[in-house]
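Multiple structures are listed underneath, in structure tokens.
Each of the next two complexes has chain A plus one more chain, namely chain B in the first and chain C in the second.
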Partner chain A sequence: MSATAKAVGAALPRAEVREKVEGRAQYIADLYRPGMLHGAVLGSPHAHARIKRYDTSEALAVPGVHAVLTGDDFGDHRMGAFVKDEHAIAKGKVRYVGEPVAAVAAETEAAAKLAARLVSVEYEELPAILSPEAALAPDAAIIHEDVASYFKVFDTGSTANVCSRTSLTEGDAAAWDRCDVIVEGRFATQPQAHVSLEPCGALAEPDATGRVTLWSANQSVFRVQANVSESLGLPMAQLRCLTPRVGAGFGNKMEPHIQPIAVKLALATGRPVKLILTREEDFEIVRARHPFKLRVRTGALKDGTLVAREVEVLLDGGAYADDSPGVLGYSLFMSPGPYRFRYMKASGTLVYTNKLRFGAFRGFGNPQVSFAGEQQIDEIAARLGLDPLAVREKSMLRPGDKWFGGAEVGSNGLEECIARVKAASGWAKRAELEPSAPGRKRAMAAACTAHISGLLATGAIVRMLEDGSIVLNTGAVDIGQGSDTALTQICAEALKVPIERVRLASPDTDGSPYNWGTTASRVTYTTGRAVVAAALEVEKQIKQHASEMLECDAADLELRPGGRVGIVGVPDKAVSFFEVSARAHWARGGPIIGHNSLVFEKPSVDPKRAIAVGLPFPQIGAFAFGALVVDIEIDETTGKIEVKRAWSAADVGRAINPLAVEGQLEGAFVQGMGLALNEEMVWDGPRLANPTLMDYKVPTTLDSPHEIHSIIVEAPEPDGPFGAKGVGEIGINVVPAAIANAAAIALGKRFNALPLTPERVLRAMLGK
Partner chain B sequence: MSVPGFHRPKSVEDAARLLAETDGARCLSGGATLVAMMNASLAEPKAIVSLAGIPELAGIAELANGGFRIGAMTRHAATAGDARLAGTLAVLRDAARQIANPVVRNMGTIGGSIGFADPAADYPPALVAANAEVEIANAAGRRRVAARDFFVDWYTTACGPGEFVTGVYLPPPRPGAGLYKKLARVSGDFAIASVALSAAKDANGVSIRIAVGGCGPRPIRADAADALLSAKFGDAAAAAAAGEALAAAADPVDDVRASAEYRRLVIPRLVAETVAHARAALEAR
Partner chain C sequence: MTLALSINGRIRQVQAGLSDTLLTVLRDQLLLTAAKRGCNQGVCGACTVLIDGRPQRACLSLAANCEGAAITTLEGLQRDASMARLQKAFAATGAVQCGFCTPGVLVSAHALLSHNADPRTDEIRAGLSGNLCRCSGYRKIVDAVAEAAKEAKP
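Moving on to the complex of A and B:
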């Protein structure tokens, strides 16, 4: 781009896109180190069993094997984002099929895999708990006997198989008495797999002092560092965590997978060890989207005004807490949707079961509660004979309104989102749409959403090199969504330099400032804020130098496009960043470095307005808003739903890179279509029945509509970088709800369970 | 993954001999299925006999009687693109066109597909509807088996130990229509259920062959269905009865794609739709 073009708002391709298209990008599986060994794990055949003893002699006898580790080789250290309930490898008990029980390092992958299979483990089987209802039965086997003594980061209320419980209430329940119409229903959603193109893996290399360098597929080098440190009982400073390119993360790579095992193998052998999961292992042992059971009740006045809602959820968390308490809390927090209610109560229970961990997945519980809540708004509209979007408009949160519980909402572009999807989709004429062929039914429907972007700590360091070029270091992992490019644009804009003059350092726990992670739609918003503030520090130092060089007051100086600083109103009085930086390096003051760090500090809940019990995040984030319209067709022969067109509007505050925003909205829509229409992890007893890409299907390009219209709405967030807030998740939240709303219009039947497979739809059509 | 013996014979006879003599040998055609299974440790052949070097297995040849021989090594893409497979034989092209995705269609072969005999695959019902014959070779010679008898059970064919598929014989195409209707979860997936239909039309009337895929251990067919449809092709009640006959003959199981019950429900509906499309195609001629 030219020196004068604006960096923020430019639709730039991602900085690393060429490398990826040419196949030169290096992912974790592509890395090699001299003398490197290969790791493999043995998974548990049982869902729930006590480990009686191990015999590793046969495994150790395999030529080329250097180490065979079992739970006995690991100390009693536990990790966990909310509840510290998880060892690095099964110890004492196994809690789901596939859980790693032994690990091997060997000269070749084949030897490692063979040896892993030869580890023999004696088990005493325990009753497998395969549903949340079974977990809550009075005589249920207990999955974590010591849950009461585990360290927890908030008041979880854990007992028996209950991992945590949360409730949030605002308003007066008497509001129900005013309702003219009340709809009530039970809903269920299915487990969904993340299916990132790249399966998880790690490479750990120890040095002579026992310090370990760890590369892995991850969404946060700092969470990797914390989890490995906690689960192996190592000081954090003994670990240096790095990241190669990441082949997507949708929440699956935020918390640990097998990084602790890789580190332990490296320490045991004194050699670099690489451990890459197969696709099947990735399905079976990483994590997945929570299945939800919901009971939801919504009430409204005759004119459609929303009045009251109650939401009760039961969450299957799987064998370990992982991010589940956060998902429970967040789903309840988002369960009103972006509307005013006089009374709102949300409560839920999270239980342990003998399945793999359910954890973070794009949307973080919001798609599940939205599936219920957004259908009920359509039901109310249908009962009252009102336009479903008009009902939403009547009760939508308006600028200045607070969120459920009392959190401040900084900016709110919901009204424009709704107006734009209505106009673009031809909403007013939706009844006139004709099916594309006989034997098909067609309908258009909508849904609205909100999402946060924010949470926790982040930092940025902006360094000016001797030649005046800039290196930005944030520690934020770009998982393919384009944050490296967006943060570079923010930095370039703040310093008014051409984007090519700014380069981004790769995340490194030794050299990067702390960044909680690439999650919660947060990097552009929170890290962007730190980048702007760090750039401001640099600007101050530049101006200090320039004021001495140009003999003027620093307050009279301005940054000029192209990397110059000059006196306001005097065009020929200026110096270049090169001159400034050379002076700083060689003569005065020392190299120019700006840094900033922050933690999101605004409270989630106002205790004067709401009663919260067991809320896992006291400070959460800025709010983004969205609206979606879908146009679908249903094949009456088979019941198969096809999405013809979609209009997805999101209020992103400010689109730092419109191309990347569209990429997120389109990707989220297609992933949401998978959740809505066909994706489902299925268990055959205790064992996952479809842990392969032959059996587990995600939508392909050919299943995606030709028209996915991404509509960017910009209601600037007061403290966002150039007004920006996040967009990574919002586009998925109401895809299932909107499609279910359209199916209900087409067929006159409501769907309260996902996915809307041909089977489910045809049975509903035929009443069978 | 390591394979002790890799052979690349130049003739059918050599291949047959190798397969018969080598313990645990498997033939390799496109490798789309076999190599994936070996990578996943689902297959561990002791020896591989590649069919890639045998000239007579390649390509589609027109026969003296006007029919065709499709060599076992013919890729799905080649079958899908061969305009000579017209009229009643269009059912095979239509099926080939809907297999998987372009990558697999450029790799997989008809011999590998039917030799493997996944009941959810697209060729088996299409070959039954096309009234094809399968040529099988062994160390002693060759024989031909009607497609309807070739598929025996789940992943089991009329090929005995040491035998393999060398080609498929198609009768001369008759004027009419050939259609393949596939229901899958997503594009490129194997079928939940599929219907293959060939409709020959001449002065004497219409003659129908219909088969259902994905709904049992082998392609589902019913003499009653063929007879009903041939006698009363224009008749919705006949189509419904044919659909019911095929649903009754089906032997579906619950799997990750759909339940057995859904398949029974959807067979008559897919049959009715396919018949309606075939009628429209005949009328348009």
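Moving on to the complex of A and C:
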């Protein structure tokens, strides 16, 4: 890289920050179209019931109502990322409380909501299955009678209420015989709500030909297009999917919410229809983090060397598969953590229940398995009287080591992550930390993690306009994490132009190259690669023009900072991008356009090393690593845990924008703290009891430590853009584990269930 | 009924029912969409506006009760020097991610600085405790407010 190029590595403000601080950024609820109607849905009052009949007459009589739709108005089309098991709206059966059974479009939001409530639905109630154990009971009611016949991306013999099974094994189980210490435990984690500050919503507008333009809160315009197409039986080309600004996505907006219903209402009325979920609906019908039940066993030698681990998980997938088979497989894949084991076996079962779908949520199953696995490493260290980070260092994956199953690990900065958190936190002197007041216990603890960034297909188009400025078009949706800025920086760096000369096109399924989505910590890494390659195409074309203009060989040319191309070693022999592009547009060759598309192709598993059954991602991604130290205090009277300080190190390959990387680590830490300490979706029988922000508390400024220290480690990924890999999720993975480890040190008790509420902590302290 | 509301220094005639909130009127009638509807329950703070200089939840304020009050939204603070410092600091410190909470946070921060020009970190945290942010972890937001306060010093 040129020493003069500055875009990559610069802590630049967000490309779109002015509109956000001036309140001019438009999110889905801020869009209005001429003649627009408002949509509303009616949710099921039952968790499991057959729909006998509908009566929409009262709803249709409400003034201003244009359409009332029920399952009868929808064809028998199903969607699903892994299993095609879900209609756009309940059809024949309802499978969780809140599931949309009817939808209305009306002149006003109030009329639409009133009419939705007036739709009368006659149900025949069925037994509600509210836990995975109940789902597996021999006489359990069946939630999907047709599960065997559903189309599946991979089939593991789904039967009864079992949606999917996965296992991955490597090494020889005889390794257990060598272990001097074996710890075993059962763990449970709770459902967590995403709580994007922006509730989900969509706005669909049909044209005279029946083609529909669809804006929505989303993490992928292409997944929106695919899901609407599948669930409504429309050709994908009939849909144009766009995105306004997105008020954050943590997995909740990756797969569909109510986009298909909005499109159906628009087609039924011939008018634009906007449907925005209330906060309560957003809690009840979108998706949430999976509750896990885990049994984990870890063995080590007496010097602390890790030897063997077995992990068995049971996942509640909720009423529809959604991303659940992916979460099951990924959690097992990540269950060793970043360590060498001689023997590793991970297996799991995913079942349907009568709750809302559980799906993708930052970490994608990694926080749940880490909660168990990282506590067991601390348990081993405690039994052997060893420093818990020293135990980790002894067995950590080192550069050149492969991942569980045999995947190649490109770059590995774990050792530096651990060294940096130790140094920054004063780890060596942790025993000397004093509580800030009497009646409080204080402890410092750690945990380590890895995460992938990658998966699936991505493209980039780099266009040089007549004046030499650049439009970058990737189709990747910036959900607030800053990918628009990072990709702009990558493009500017590759072409050595000032950042202001590069603008990003908004994702549009008509005009953007395919991008699977903003998920799996993947945009900077995968899309960044495509941007670099597309920019290289542009560079080649620029040099071709310049070689003709300067009468030299293209190989003797170099890009110069500021948008010029010139002959190496001859400072005054150069032409500007403006001159090159004007020539291309008006005289020779045609407009300069660079394009690249790719799919992540490295295998996840080496079949010579490991046996995989039902593993969902055959080509998964590059590996990032992280280490976390927390310093906590526990109030002995109330049982409340306070995180005083945290040091979160992540090996991101290369920080394209350090400010944005820190933002990811800090935000992920606090979201992980919510998971660790208090967030929990609670069901009262079949009904979610706390679907409001009054009753479901997310951390505020007062709950969050100001001392969250982000530590950026850069072990360049060989094929990453300027060495970068992802950072979106890694910061959340081991927050619950590290806090639980600290609580165990402070109290001498280990916590096997989340969240660590004051009540749970107090009970542990009182031995109850 | 027809209401005359003083919004950002101008009297605006709006049609509102008795149960219509200030947030609904601002967003749906006046297209002043900086204030966001995050929960409609007074918890998230994304709809924070100034009513007679005090930060209030527009989603909990009935429009009919706001006659006679001076209502200021983020749109009305674009030429305010304190807001300009906040905006600049929020951009420079990386305090904005998805941006959905940002208008409410900025209005709360503006109110905080208007009565405490030099807040300590814990005072900033307390002053913003009614504004939820799910992206940032708050650290950069708190730093940005401190930075804006520092900028204001002569």
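Quick note on the criterion: the second predicted complex is superposed on the first by the 763 of 768 C-alpha atoms of A that agree within 3 Å, B and C clash if a C-alpha of one lies under 4 Å from a C-alpha of the other, contacts with A are read in each partner's own complex, and residues count from 1 in each chain.
In this text, a contact is a pair of C-beta atoms (placed from the backbone, for glycine too) under 8 Å apart; a residue touches a chain by one contact, two chains touch by 3 or more.
The shown structure was predicted, so the numbers you read here are calculated from the model rather than taken from an experiment.
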Superposition-derived comparison: chain B or chain C, residues of chain A touched: C
Partner chain(s) touched by A:671 [first = chain B, second = chain C, both, neither]: second
Contacts of A:759 with chain B and chain C, given as first, second, both or neither: first
Touched partner set for A:20, first chain B, second chain C, both or neither: second
Partner chain(s) touched by A:52 [first = chain B, second = chain C, both, neither]: neither
Chain B versus chain C as contact partner of A:429, first or second or both or neither: neither
Partner chain(s) touched by A:702 [first = chain B, second = chain C, both, neither]: both
Chain B versus chain C as contact partner of A:195, first or second or both or neither: second
On chain A, positions contacted by chain B and by chain C: 278, 692, 694, 698, 700, 702
Complex contact set, residues of chain B against chain A: 1-2, 40, 101, 183, 185-190, 192, 256, 258-259, 262, 265-266, 269-270, 272-273
Touching residues (chain side chain A, partner chain B) in the complex: 110, 278, 280, 439, 637-640, 678, 682, 689-690, 692, 694-700, 702-703, 757-759, 762-763, 766, 768
In the complex with chain A, residue positions of chain C that touch it: 27, 31, 33-41, 43-44, 46, 73-75, 78, 86-87, 90-94, 96-103, 106, 121, 124-126, 128-142
Residue ranges of chain A touching chain C (in the complex, touch as defined): 11, 13-14, 16-18, 20-27, 29-30, 32, 194-199, 245-248, 250, 276, 278-279, 479-482, 659-660, 662-663, 666-671, 692-694, 698, 700-702, 704, 706, 708
